[in-house]
Amino acid sequence: MSLLQKERDVITRNEYADTFDFAEIENFIANAPKELFITHHFKKRDRLLVQPRGGFPTYKKMFELYETFMGADIDVLPLTVDSNTRLNDYAMAQKMLRLSEENEMDMLNGYPLVNHGYRTTRKMITHFNKPVSLRHGTPDARLLVETALASGIFEIEGGPITYMLPYSKNFPLDKAFLYWKYVDKVCALYSKLNEPINRESFGPLTATLVPPCIVIVIQLIEMLLSLEEGVKSFSVSFSQNGSMMQDIVTSNVLKKLAREYADTFGSQDAIINLVYHQWMGAFPRNKELSDQLINTNTVIAAMVRADKIIIKTRDEAFGIPTMQCNAQSVANTKYTLRTLKGLPVMSDAEEEENLELEVRALMDAVMNDPADTLWRKVFNTIKSGLIDVPFSPHIINHNAVITIRDDQGNIRIIDKGKLPLPERCFAYEKSKVNLPESKTEVINKIIHDIGAML
Amino acid sequence: MKVVTGVVGNDIHVVANRLIDISLQARGFEVFNLGVNTSLEEFIDAVVETDADILLISSLNGEAEGWCRDLQFLRSEYNLREDVIFVIGGNLAVGEANQDDIIPKYRSYGFDLVFHQVDLNTGLDELERYVKERA
Amino acid sequence: MSLLQKERDVITRNEYADTFDFAEIENFIANAPKELFITHHFKKRDRLLVQPRGGFPTYKKMFELYETFMGADIDVLPLTVDSNTRLNDYAMAQKMLRLSEENEMDMLNGYPLVNHGYRTTRKMITHFNKPVSLRHGTPDARLLVETALASGIFEIEGGPITYMLPYSKNFPLDKAFLYWKYVDKVCALYSKLNEPINRESFGPLTATLVPPCIVIVIQLIEMLLSLEEGVKSFSVSFSQNGSMMQDIVTSNVLKKLAREYADTFGSQDAIINLVYHQWMGAFPRNKELSDQLINTNTVIAAMVRADKIIIKTRDEAFGIPTMQCNAQSVANTKYTLRTLKGLPVMSDAEEEENLELEVRALMDAVMNDPADTLWRKVFNTIKSGLIDVPFSPHIINHNAVITIRDDQGNIRIIDKGKLPLPERCFAYEKSKVNLPESKTEVINKIIHDIGAML
Amino acid sequence: MKVVTGVVGNDIHVVANRLIDISLQARGFEVFNLGVNTSLEEFIDAVVETDADILLISSLNGEAEGWCRDLQFLRSEYNLREDVIFVIGGNLAVGEANQDDIIPKYRSYGFDLVFHQVDLNTGLDELERYVKERA
């Protein structure tokens, strides 16, 4: 028995989880219908795939949610897990699942996948026969991902950085790298049986004034880490920046460099997809206006030529959306994508050059770290603040980078902390903003910029 | 006055928490910010340790109810000062809920002030008024 | 007394109209607050002005409509008149106005301005102190416009072509030119008293597969006809084409040529504005989807850098919208414009070159007509089919031009009728579409293209 | 069979009218299309003149009601053949209205078939069925 398989046996032996029958699972995946694989749909690539978010505590309500989505001609079903599962607190998840089942009231903000187990969940997924994407935010997702793959969920979101820095306070970062290495290995293994499993990174991060250069660097790193383990299909992603131009520039640079780095690191055969997230920051507390924001994002997603769009709902500011509302969002988005035609190809040479320079400088800093493996290089870079995510709750993150919006809504870096940005780039960033004199005014401007869509 | 604050449960929404920190300091409070992902026990511990006057809990992701039902129990177990003010705010239910259902419920759990989907500054203004009235 | 004044006396002496006191009216206009003039707001030009459509039969309901609009932070109030008034059928308008007043039921699809008269209407307009735009569709608008200006309505939409070919079956075209000459003269006259009166052309025409070159030529002609009479502020306009790229190209060429022709014809001092109409064709019979279409149009209006946007409502497919629904549309649009930032400047050199060539060829055909005045040249050109508006109900219109959409949603000319298009341009147009073989299939494709947004 | 068609009143919405013309012809009717902006009298005149079997009126802009109230009156005045089928369709009210209010109303004005916001082909299918049943 291989070392990995031993580890897998240990991981999956958990009092809250199903007992795993790996032979049966392999057999299931090898014979699973192509329809369940998002990679199969990406191959056709004839239109932007639409995916909402969504998870309810009970099996019954989750099933209803899927039924409702199917009525809206959905492309990709989501399975969003609750926040206890995200932090491996299966005991709390179990308690709240029971309460939800007994009281017809949702006591969890997602579907506790581990507690439900793969045998049960697989029934639902094969019933609907649509690709399902796992949305979580879990630093240690090993058991969760084993359960997901065994259930027929063949797209796994997350990564050691994007599911750590925004989602955890003090989970050890080095462990996260090793745990995600495990996830990638398992995905790569199963990818050999049928269509490849798709891995997706979570570009929005904290969704709070994160500058594009940091988003892109983290996307490239998580992509390289996955490809290193043998993953053959990977989606990089980002969310609306707040400036249409910055979205376009981000998309152009991200696409170009993702392909370039993948090739340079020997993964010419890997497929790279682009995912666009509708506005991930604070939504207006007005459903009509939220609808406008959502539709504007759909237009931009088409303009940046994404392969998949992950959508929001008019209930965003209020709480977990009802299923009807969520399905309506899917229908709305599909309508706009169907009728919106004649999209111009756009670029902004100056902005793109600047962003590319920034990303290359940060990537060089990572690669020049003396450590022996890529993940250790990255670990060191984050620890020393060379990569730094604004508004991360995590203790390891430096929180020294300060960003603000310019007149055109572009996120600009006004304090670069320890980011190894070329002088010229930093000067460019600063030249775009007129900073207020007093510190209080700067803080007020930042608060205002966080609420850009209110 | 001393305030212990933070975000309860497995909740990692940090943005409001950062702003609360800034606002409380600007209003002259002495702030002990435990940050996100903080259990109810940790909060009560910190109140005891710092001898705080106010415990101000945030919850955004819908977990609040699962955690806060035990407040009364912990309060007596830790033998807290009688006059500590208990405040909770943010988004206090999973899914859409209205204030009229939410406020009495959290009052019964032992909170003095409950702010469901209330703007930060509106809430802190009311807290200051409440503090003055009690003095 | 001048000849014009004699004519004015005759026109305004009508059994359904107020008796006109011209001295009082001049005095009112000379002293009217700047706020009432849209030209004053255009001058500031710091943001896109938002204007809905709207008109109800009774004074009371019209007043309520304005109140509701004010609550949505509106920029320009509309006054849309009913279809009887449009065709000078004041008797029918009067009858239906009475029925509406008696039965609390709307028996008219707009506000019968002539029947209400300027004394009454002016009270409402000065009360709200916002610029008002007159929307009608009247070939002979002389009495209507006199009433409007006397009421404090300082923007007049329409023109001899754009309010004829889409809006009338057999009103004599030559008369329309003369009647609109009258309108332009009166507007020019009043423009000397205070801020200028703004004239606006109606670019959407029949809103049914009209190719951009025809829209632009007609915009340029109506602009030149107005400037000729002394108008100093003029808005050219067009509506969503169905391809974002074609909208951008249309805007770029229209802006460029409007300025160029205005200057060449000696009106360097005239201000030219650009107005964008949200989708003017058939709306989906689904309010949620209509909302998406409307918002998409708002995004495009910002991208084409219009000065004013004229909006639709989610009730479009169902009937005259309720006031609440109309005001919600205003609020939605203002939100999107407020939050949408960082708009890239776009162009498509090849498309723009082609469109410009087409427009210049058509304009040359007009100018080379041997008649002595511009309006007679235009008249001849329309009569001989050198200008031809698809789906016009008017008998003089040739209806020989046939258009269809290409894969990108661009409207392309597949039968040029008598349009004097350069061979090269027509070849370009045709090269973009794969025409079905059979005629029935072509007709089905056209029907399908009319319903592009359903 | 002969059909007189057109758009009633001061209504100039021509697009549906063009499509109706094409569809009726494709279905084998002999079509007399008066186009837009046609008064009720003109319609009745044309029915008499062409000895039509069907009068098919469109209205889109909300004017229909103002014009069609006089149909019964004109019908008797012109002494029309008893079996002429009267059809109206399009958008039959100002503002949003529902079928259940609209249909009985127009029936009482003398229309045999009433199509408020009904798709063209659905309506024409029903017309053909109706013609067959009556024969």
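The letters A, B, C and D name the chains in turn, as written, and every chain counts its residues from 1.
Throughout what follows, a residue touches a chain if its C-beta (ideal position, glycine included) is under 8 Å from a C-beta of that chain, and two chains touch if they have at least 3 such contacts.
Bear in mind the structure is a predicted one, so any value in this text is a computation, not a measurement.
**Student:** Please state, in steps, how far chain D lies from chain A along the shortest route of touching chains.
**Tutor:** The fewest touching-chain steps linking chain A to chain D number 2.
**Student:** Calculate how many whole Å lie between the centre of chain C and the centre of chain D, each centre taken as the average of the chain's C-alpha atoms.
**Tutor:** Computed value for the inter-centroid distance: 30 Å.
**Student:** Rounded to a whole Å, what is the gap between the Cα centroids of chain B and chain C?
**Tutor:** Computed value for the inter-centroid distance: 57 Å.
**Student:** Where the CA atoms of chain A average out and where those of chain C average out, how many Å apart are those spots?
**Tutor:** Distance between chain centres, rounded to whole Å: 46 Å.
**Student:** Mapping chain-to-chain touches, which pattern fits: line, ring, star, complete or other?
**Tutor:** Its topology is that of a line.
**Student:** Name the touching chain pairs, please: which are they?
**Tutor:** A-B, A-C, C-D
**Student:** So in the complex, which bits of chain C are touching chain D?
**Tutor:** For chain C paired with chain D, touching residues are 83-84, 86-87, 89, 92, 95-96, 99, 106-109, 137, 166-170, 206, 208, 282, 285, 315, 317-322, 391-393, 443, 447, 450.
**Student:** Of all residues in chain C, which touch chain A in the complex?
**Tutor:** 241-248, 284, 288-289, 291-293, 295-296, 298-299, 303, 328, 331-333, 335-336, 339-344, 346, 348, 407-410, 452-453
**Student:** Using the touch definition up top, name the residues of chain D that touch chain C in the complex.
**Tutor:** 9-12, 14-15, 17-19, 22, 35-37, 61-63, 65-66, 91, 93-97, 117
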